[in-house]
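Below are two complexes that have subunit A in common, paired first with subunit B and then with subunit C.
Showing the complex of A and B:
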């Protein structure tokens, strides 16, 4: 899947998934509180399964409840997972304290590998995956429109919101324009050499910039024609939050956090 | 008179004389086509009617009062004179269809509850109610046009100005938009002013025609009169509707006794052919 396709697919999913119409507050609250538990759970042996539980839970919600396509979810997961894996390999090989489990003599130093390093790296990896799944749950099930209404409620500066919503809208217009320009270039230049391609890309970027200035001008005119004079007012049409659902999520996450904390207190199996 | 334009001149800052001494007027409930080639000044003229552009000289009166250009006067004018842009991507800027349609009425300062109802009504009118929650980039061009129209309808205008309402639309979307506009004209007495160079479409909706050429108003009148004046039509680099052209050829080349005003639409052509057959029988 190309990148622009991926953006479009994520956006489509946010509007068309099975729980698109349920309350964005509930979904956001769930995603963020679960994310907090996943990230802040202490790294001791029994609790390192917390991120794994979070990951499994969110994945079930994404694939089973929201009915997002598996292919899309995997496509989203793959890049950050590769990044996390590379970082964690380095973490495992070059960090840690205590008695080394393996040592190699190199002419200039001794390279030691530690058990705690490997454990930290594994836990970090799962923590990244758990956190990712929380965030993917949010962006795959909640549309930008709904999120912007939430941000408006928590008093994010209006200017920022207005600009980001305009950017959001015109990303898709310009993706289309860029795609057409690329095709037009390919049709006339063929694939060409490396330098030709760079030149083609530069032309495209320059043209797109000019197009965006023109678009801004025309959109401003069009907004004026409908009585725009300063702030962009929005319709506060919020999907009603399901109180019961919200309570269930709060209880569940509080319980979850408590169990994690108890395990931490009992402290069995400390590293 | 609803609109009365006198000696309107507009010169762009680069020196182009886009409108040169244009005077015209039209009334409530008129269905007007503004006809001209690319670059004839159609869009410039339209942009004057809801205050987007200011005349270099000349006057524009709306309901017998000259246009004011203070922000309050403009807001007042723009709630009465709705403008649908040629490219709906210029107009649809909000993340969802519903938010976009709500933009105009919210700018008028109407309360939220009332706006919700207005938005629902406007989307119902253009038959896009099912798409209220969708972002504009999910829609086809024809659907975007209808949403853009809903955005203007939501301000409950008396006049709707459309720049190239049917450009790039497929035949079905074209006829849907036209029907919708005619229905609005008939039921809500909304005055229509459409700029176009689609001459085949003009006789289907217009009862009045203005023809521009290089910023000058060349002619005005009923479609039948103007399209029967073949010299005029050729002089302004346009052509007659296909049907009128056919009858013109039949008359001039084959000497068939066709009436002086050529039929412009299929139904008019049918009548004319039947009349000719009747007279031939006798």
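Showing the complex of A and C:
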């Protein structure tokens, strides 16, 4: 699945999932607080229990409650997971301190593998997976429009929001123009042969920006003609946040954090 | 170069946020000033953001918790100054985390610092030197964009090395990370420099009025290389 398809699908899911209409504040609060617990959990040996719990919880919420398609979730998860796995293998093989558990003599250097390197890499891998699942919960259930409304409520500077919304719109302009130009090149046999391909890419890269700018300026003129002078107003269709749900989330997370911290204090398997 | 969600230990997440926030606050102040003074620059500003989004999503996987790709922030720094480039990167990185799961929210501070602050600052400094010395703007754009791309990756390597020292040594870890990045990043930086020169000369030719309002070039001109400055 190509990049642009994937994120168009994420965008669609954010608007159409089963809990798209429930309060964005509750969803965002849940995702961010769980993310914080997952990342900030102290590092000790069974520490990957925390990210695993977070991962399972978020996956259940994404697939069971929000009813996001399994295929989309896996598609989203697979690339970062492969990256994390490769990175962590790299960390395990080349990093760490203390007494080496294995050593190999190479002609120019000795290559040592350390226990602490392997531990760090395992912990990092689980932390990445747990954090990713929180992030996915947020992006698959909450639309950018809803998030921008939340940002407005917490008084993020207006100019920042305005430029963000324009950028969000222009990303799609950019991709549309790129697609049109690629199709136009294909129709004129622009990709017949390697040299033509290179030349085609150069033309595309050079013209894409100027074409998109023209398109963007037309949008801007149209907006000006309709009285645009700064803030972009969106109809605030804001579902009330469910107080009970918020309290449940707060209690759950505080309890979760406390249990983790107690385990840490009692030196349960500390490194 | 986006460090993925959860890859950095918590203390380093906080450190990079603390370093980045003052610059971003200043950037937002500058951004307000620019949009008030030159409202015509808004489409260009937002399109620069979209450009950074698209160009930095063209990634090659790299094995160090991160990826290799053009950054696109050098050109934004030349047009709007490094602080505004930082704000644009902030917005873009949030969108990339939210739409593509590329980068993350906890690693946002570190990513903004490398892609939005350190790289553009160097690129902008080089551009200013070229401008003051009245050297060819095309060469200036190429150098500043390519170097700002490379500096971004040097900074990411430092960030990773600080978080994951190898055998207790940050320098040893830095060498490992930087060596891996260098393979993919040097050709990418050169390609990005060339694309930036193309875009800049197009803009100077067709949208010279905006660029001169932003004080990037003196007057709207038709022949970039001869008459700038």
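Structure notes:
Criterion: the second predicted complex is superposed on the first by the 255 of 271 C-alpha atoms of A that agree within 3 Å, B and C clash if a C-alpha of one lies under 4 Å from a C-alpha of the other, contacts with A are read in each partner's own complex, and residues count from 1 in each chain.
Everything below uses one rule, namely that a residue touches a chain if its C-beta (ideal position, glycine included) is under 8 Å from a C-beta of that chain, and two chains touch if they have at least 3 such contacts.
Computed from a predicted structure; not experimentally measured.
Shared-chain residue A:183: touches no atom of subunit B or subunit C.
Taking subunit B and subunit C in turn and counting the residues of subunit A each one touches, the greater count comes from C. Once the two complexes are overlaid on the shared chain, A:236 sits against subunit B while remaining clear of subunit C. Of the two partner chains placed by superposition, subunit B and subunit C are both touched by A:219.
By the touch criterion stated above, A:11 is placed in contact with subunit B and with subunit C alike. Contacts of A:168 after superposition: both subunit B and subunit C are touched. In the superposition on chain A, A:78 contacts neither subunit B nor subunit C.
In the overlay built on the shared chain, the residue A:144 is in contact with subunit B and with subunit C. Judged by the document's definition of touching, subunit A residues 11, 144, 166, 168-170, 173, 219 lie at the interface with subunit B and also at the interface with subunit C. Within the complex, the subunit C residues that touch subunit A are 4-7, 9-10, 13, 28, 31-32, 35, 42-47, 49-51, 53-54, 57, 61, 63-67, 87-88, 91-92, 94-95, 97-101, 104-106, 164-168, 173, 176, 195, 198-199, 202-203, 206-207.
Remark: subunit A residues 11-12, 15, 21, 143-145, 148, 165-166, 168-170, 172-173, 215, 218-219, 221-229, 232-237 touch subunit B in the complex. Chain contact summary for the complex, subunit A toward subunit C: residues 3, 6-7, 10-11, 32, 35-36, 38-40, 43, 51, 76, 80, 82-84, 86-88, 90-91, 94-97, 112, 114, 120, 124, 127-132, 135-136, 138-139, 144, 147, 157, 159-160, 162-164, 166-171, 173-175, 178, 202, 205-207, 209-210, 212-213, 216-217, 219-220, 230. Subunit B contributes residues 50, 52, 71, 74-75, 78-79, 82-83, 85, 87, 89-96, 98-99, 102-104, 106-108, 112, 115-116, 119, 133-138, 151-152, 155 to its touches with subunit A in the complex.
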